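Two complexes follow with subunit A in common, the first pairing it with subunit B and the second with subunit C.
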Partner chain A sequence: MNALVPFAPVLALSIGSLGYLVSGQFLERARLTSLFALSLIAAAAYLIVGLMPMAPTLPHGFIINDFSKFFAVLACLGAFVSIIGTASSLAEEKIGMLSEYYFLMLTSLCGALVMIFASDFLTLFIGIEVASLALYCLCGARVTKESSSEAALKYFLLGCVSSAFMLFGIALWYGVTGGLAIAPINTAGPLVILSFVLMMVGLAFKIGLAPFHLWVPDVYQGAPTSVTTYMSCVVKVAAFAALFKIALNAFLLPTEWAVGILWFLSVLAMTVGNLAALQQRSVKRMLAYSSVAQAGYMLIGLVVLGDTTSVLASSVFYLTGYCAMTIGAFTVLSVLGPDADSVDDLKGLVKRSPFLATSMTLFFLALAGLPPSMAGLMGKVYLFTGALSSEFYGLAIIAVLNSALACAYYFRVPAAMLFQAPPTSEPVKVSVLSTFALTFCAATVIGIGIYPEPLVELCEAVAAVAAR
Partner chain B sequence: MTIPWPPLSSLIVVPALGALVCLAPWFSSKIDTKARFVRLWALGVSMLTLVILAAIARAATMSHGAVLGLEEAHQWIPSLGITYHLELDGLSFAFCLLTAIISLAVIAWSAKPASAGAGWYALLLLGEATVMGAFLATDLVLFYIFFEAMLLPVLGAMALWGGAQRLNASLKFLIYTMAGSALMFLAILYLGWTARAMGHTLDGNFAFEITTLASMKMLNPTEELVLGLAFLLAFAIKIPMVPFHGWLPDTYREAPHGVAAFTAALLGKVGIYAILRFMWPLFPTFMVQAGPYLAAAGAVAVVFGALVAMAQKDLRSLLAYSSISHLGFCVLGIAGVSTMAMTGAVFQAVSHGLITAALFLTVGAVIDRQGSRDFDRLGGLARSIPLTAFFLMVFSVAAVALPLTSSFVGEFLIIVGSWKLFPAWTTVALLGVVLGAVYTLTAYLRTMFGPLHDTDPRTGGDIRGFDVVVLAGLAAAIIALGIFPADLLGMISPAVEVNAVPSVVADSSVALGFSR
Partner chain C sequence: MDPITSYLGIACLLFTIGGIGLCLRRNAIVLFMCVEMMLNAVNLAFVAFSKIHGNLDGQVAVFFVMVIAAAESAIGLAIILSVFRSVASIETTDAAELKW
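Here is the complex of A and B:
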């Protein structure tokens, strides 16, 4: 039995979620279903924090350290808050069966946890596929809407291609090393480089880094807002955990060739994301492109990695803050209704719901890196200081110019909400659960900015064990 | 030095909390407050801030003699070496005093946009808090935060209650300032990292505190050049210096009167202040090299602003360009190593803040009454609104730097101080003084005398009640500073000498004897 202890969180989620399939007919009451999902996630988080240190030996296929535990808890927290925030708008979104919806969501979270804990490439790949398959279905969960099915199909087709790249990369790795463990090797032949490139293509797709970001705007826009809220955080967390793990442990960054590839990916993502976001009238597409750009910033910590891992901590820090911002922003959209998407839908929101408008403004200011919600600003201080310390001046300048450029479109949404007349004066009702989730996210983006020290220390500790 | 009581933070916290209280009714419809109470509350808060500032200054001068030098320092983010460090010396004090006075005046001014409620006062108080923070912060990251934050209340008030093109104007303002400060942000981080890389910090961490950084003398000339240019760009846009003034006409045309007064009086001053506080100590070599160019930029701005102001048909645009012209003097004053010119520049900045805010408010009253800001539709108002006309006369005369007004002292010190260093550019700037007199007085004549154009004024009436007190107070401050400048100069001068004048290149022959 002891051997199962390390798998407890994943088991709790997967077995628990089976309950939905068994008792689907009885669990169609909205409150009960969401409560069950939330308690399962809470239990998984508790098991990650509380039980895992008691794991007797290192299990096969899983690695349990501060790094994986931090990302796992972050993924659970993200899923938890996004479910709380969007649970009350599910009815409006006309999601077919609630039990199926939560089953898929928990399954995808389970896959994300496997990705985070995986210590060999096969386990990692299984995690990626479990997480992705569930998400493909979730994207199409709004069965009555065409764009939802389109998003699901697009995500599925492109996702399969990216999985193929990933798998090919893994196969090459197996060919070179004769094993599947994510562990250092001494050679750096062309096959290793090719394997790295292929795996990067696969992961860059999952993260949504340019030039593999083409699915992001369509899926973020087409999928039900509740699903977008969930995946904008959890998928990023899991995929970044996998990327950091592979890059640091298998390919032993920093190596010159890998840094070159990542530098290029990072610059391309932030520039393409920001330039494309400038053009958008749809808030969801804008946030989608902004997520591409933000992922570019998050990559900086890996690109500029010097002889210490402490610059990686800045990426972890930024990712944490970003999760709160993106969950918050999409939760506001989901509260506004299933079809709220254009900037025009947000016009004059401050007159209809000061709370929603204020919290949305805080999230956009955080994304833009402006006070008072300084999670973004502090993240940038941290990231760019790291880039400068490693003498990546070009990257730092491109990044800082990009973040100035981004203000132009981040400004548009608060401007519409605060300074334009509303089309109707009908107040927007915000449910208690959504209020709670939004307050939590807003408090996080402000709190991380004003008192970042504990999180900085935590991230430093996490980054220190990122490489085994 | 010990933390004074009341602490320096209260200068930031009091208006910020006051602003949040103003917003309370906005969040809950159950709290229904009359607009009058909100105004009284905001007035009380800004008055309290002024009193706190006075109390701090008084307590400090009682215990340390004439020289202010108060600090408040706390650890903030030790792992990144960022501290919460505020300092009030004579230099900061002059600008903080200006901030407190201008905020009080703008809040007290009764004319505000029709739809503006509690939010108006909340944004003004937030503006006061953030500008105060920018003038007090000596940790560069903290300064940067306030530098960015002070933009938002102004932007919000302009976008909410501005003219027809308000959203475009706000976006332009935002992009200009963000573009300007982005590179400064990197430069700040570079400084923090260099301090660590050179092993100068005690705990082997980054350092962003200005006195620590300045005392290290760690930059080579190339670094000074690159970082100095990054800083200078941010401040050149904020002041604004001449090729970087693109945002200014739009902003001043679209912003409501109170916001225009606030912006013109305070935001640009942060640039002047920051060049003295941060750039001179951090990049002395660069500043000495850049001096002639800065002086040229200042002198050109004086003349350019005056010439463009002459061509304006719109009262507010005229004020906008005259502001560029007057700020040119400040830039000239901080361009060279001369305690006298620098002290004059600070004094001129304070004086320009008072005068320009007063002008924007008075001109706002004229425009509101007449429903037009166009010279062709204004005229002969001296008979119908004599009190407004009187105050406009006082402030116009102050703007052209007549003796006995504060701007005379400022411009005189700048010209005398800069004469030895940049004779040619000082001469050019002198030409601007003449031009300034021409356009200011012409504008006054065209507005107040001649035939009355509009016989059916919209809102009617002269200024009255509290507004008279506000204008009288500003006029009194301008004249008092003009007649008795020594107290303020005596505070500014030693602070400038300690902070800005690099010891290696100090020119003792132009030192002032203002210290008591």
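Here is the complex of A and C:
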């Protein structure tokens, strides 16, 4: 039985989620469905926290350390808050069967946890696929809506291609090392570089880094808002965990060629993401392009990685804050209704619901990296000063210019909400659950800015384990 | 040429053909077949490397990839069907409501 202990969280989620498939109508009642999913996720998070650190051993394929535990808890927390925030808007989205919806969501979270815990490439790949296959279905969950199926098709085709690239990278890794473990490589050569590049292509697709971001805006816009809320956080967390693990533990960054590739990806992602977001009228697409740019900032920690791990810790810190901001912003959109998308839908929101308008303003200011929500500001300052002190002047300058440019579109939404006349004066009803989720996100965004020490220390510890 | 290296050459060739097909074709099912071809190219590479190293890890990986490819086709065909229901076509150029 002891052999099963490391798998306890994943087993709890996967076996528990089967309850949805066998229970039929019993779990179809809206309150009960979300409650069951939330309790399973809470149980998984509890089990993760209780796991003992464990070195990777062969039959397991799992590694349990502070790094994987932190990311796993973050993924569970993100899934938990996004389910609370969007549960009450599911009925309006006309998602077919609620029990299937939650089954797929828990399966996808299960895959994300496998990605985070994996200690060999095959387990990692299976985790990626389990997480993605469930998400492809979830994107098409609004069966009556054309854009939802279209988003599912685009996500599916591009996702499969990225998996194929990732897999070819894994095959090359196997060819070079003769094994599938994520272990330090002791040879160099063109095949190693090619393997790294192919794996980066695969992961950059999943994270949504330019130039592999083409699916991001379409899927974020076409998928049901509740699914977008979930994936904007959980997929990013899992994919970044996999990226950090592969880059640091297998390819032993920093090496000169790898830093060059990552520098290019980071700069391209922030520039392309911000320039494309500038032209959007759709808030979902704007947030999607902004997520591309934000992923570029988060990559800085890996680019400038020197002897110290403090900049990597800043990346982890920024990722944590970003999760709260993006879940919050998408939750506000889902409260406004299944088809609320354009900036016009948000006009004069402050008169219809001061709470929603205030929290949305807070999240957008945080994404722009401005006070009063200090999380975005602190994260950016940590990252950019880290880049400067490691003598990556070009990267730091481009990043600062980009975050100045980004303000132009981040201000557009709060301005529309606060200063323009609302199309109707009908107040927006916010359910208790959504209020709770939004308050939690807002408190996190403000809280980790005002009192960042505990999280900073945690991130430092996580980064130190990751880079070991 | 060493026979095992030629297997790797064929794997690369198949992978490239799949990639070119993805860029050129617009029919969702053909695109999906191209992806399957890329996955099978990787399988061939796994088996060839397995022979070179003399261990079975690569061949075991092939089984996993095959199962995943089967799951992918189940979901992929369902999604293509759902697109066909809403736009009555499986050309990716016809399902183009979302664009910037």
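Just so we're on the same page, the second predicted complex is superposed on the first by the 458 of 468 C-alpha atoms of A that agree within 3 Å, B and C clash if a C-alpha of one lies under 4 Å from a C-alpha of the other, contacts with A are read in each partner's own complex, and residues count from 1 in each chain.
Methods note: a residue touches a chain if its C-beta (ideal position, glycine included) is under 8 Å from a C-beta of that chain, and two chains touch if they have at least 3 such contacts.
Keep in mind that this is a model prediction, so the values were computed, not measured.
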Touching partner for A:Ser389 - first (subunit B), second (subunit C), both, neither
first
Please indicate which partner A:Phe156 is in contact with in the superposed arrangement: first for subunit B, second for subunit C, both, or neither.
second
Under the stated touch criterion, which partner chain does A:Gly140 make contact with: subunit B (first), subunit C (second), both, or neither?
second
Report for A:Gln221: first if it touches subunit B alone, second if subunit C alone, otherwise both or neither.
second
Looking at A:Ala164, would you say it contacts subunit B, subunit C, both, or neither? Reply first, second, both or neither.
second
In the overlay, answer first, second, both or neither for which of subunit B and subunit C A:Leu180 touches.
second
Name the contact category of A:Arg285: first (subunit B only), second (subunit C only), both, or neither.
second
Just checking: does A:Leu21 make contact with subunit B only, subunit C only, both, or neither of them? Give me first, second, both or neither.
neither
Considering each complex separately, which residues of subunit A are in contact with subunit B in the first and with subunit C in the second?
none
Subunit C residues touching subunit A in their complex are 8, 11, 15, 18, 22, 28, 31-32, 35, 38-39, 41-42, 45-46, 49-50, 52-53, 55, 57-58, 60-61, 64-65, 68, 71-72, 75-76, 78-80, 82-83, 85-87, 92, 95-100
In their shared complex, subunit C is touched by residues of subunit A numbered 122, 125-126, 129, 133, 136-137, 140, 143, 145-147, 149-154, 156-157, 160-161, 163-164, 167-168, 170-172, 174-175, 178-180, 217-218, 221-222, 276, 279-280, 285
Which of the residues in subunit A end up touching subunit B in this complex?
354-355, 365, 370-372, 374, 377-378, 380-382, 384-385, 388-389, 396-397, 400-401, 403-404, 407-408, 411, 415, 418-420, 452-453, 456-457, 460
In the complex formed with subunit A, which residues of subunit B make contact?
26-27, 76-80, 82, 141, 145, 148-149, 152, 156, 159-160, 166-167, 170-171, 174-175, 178-179, 181-183, 185-186, 189-190, 192-193, 196-197, 206
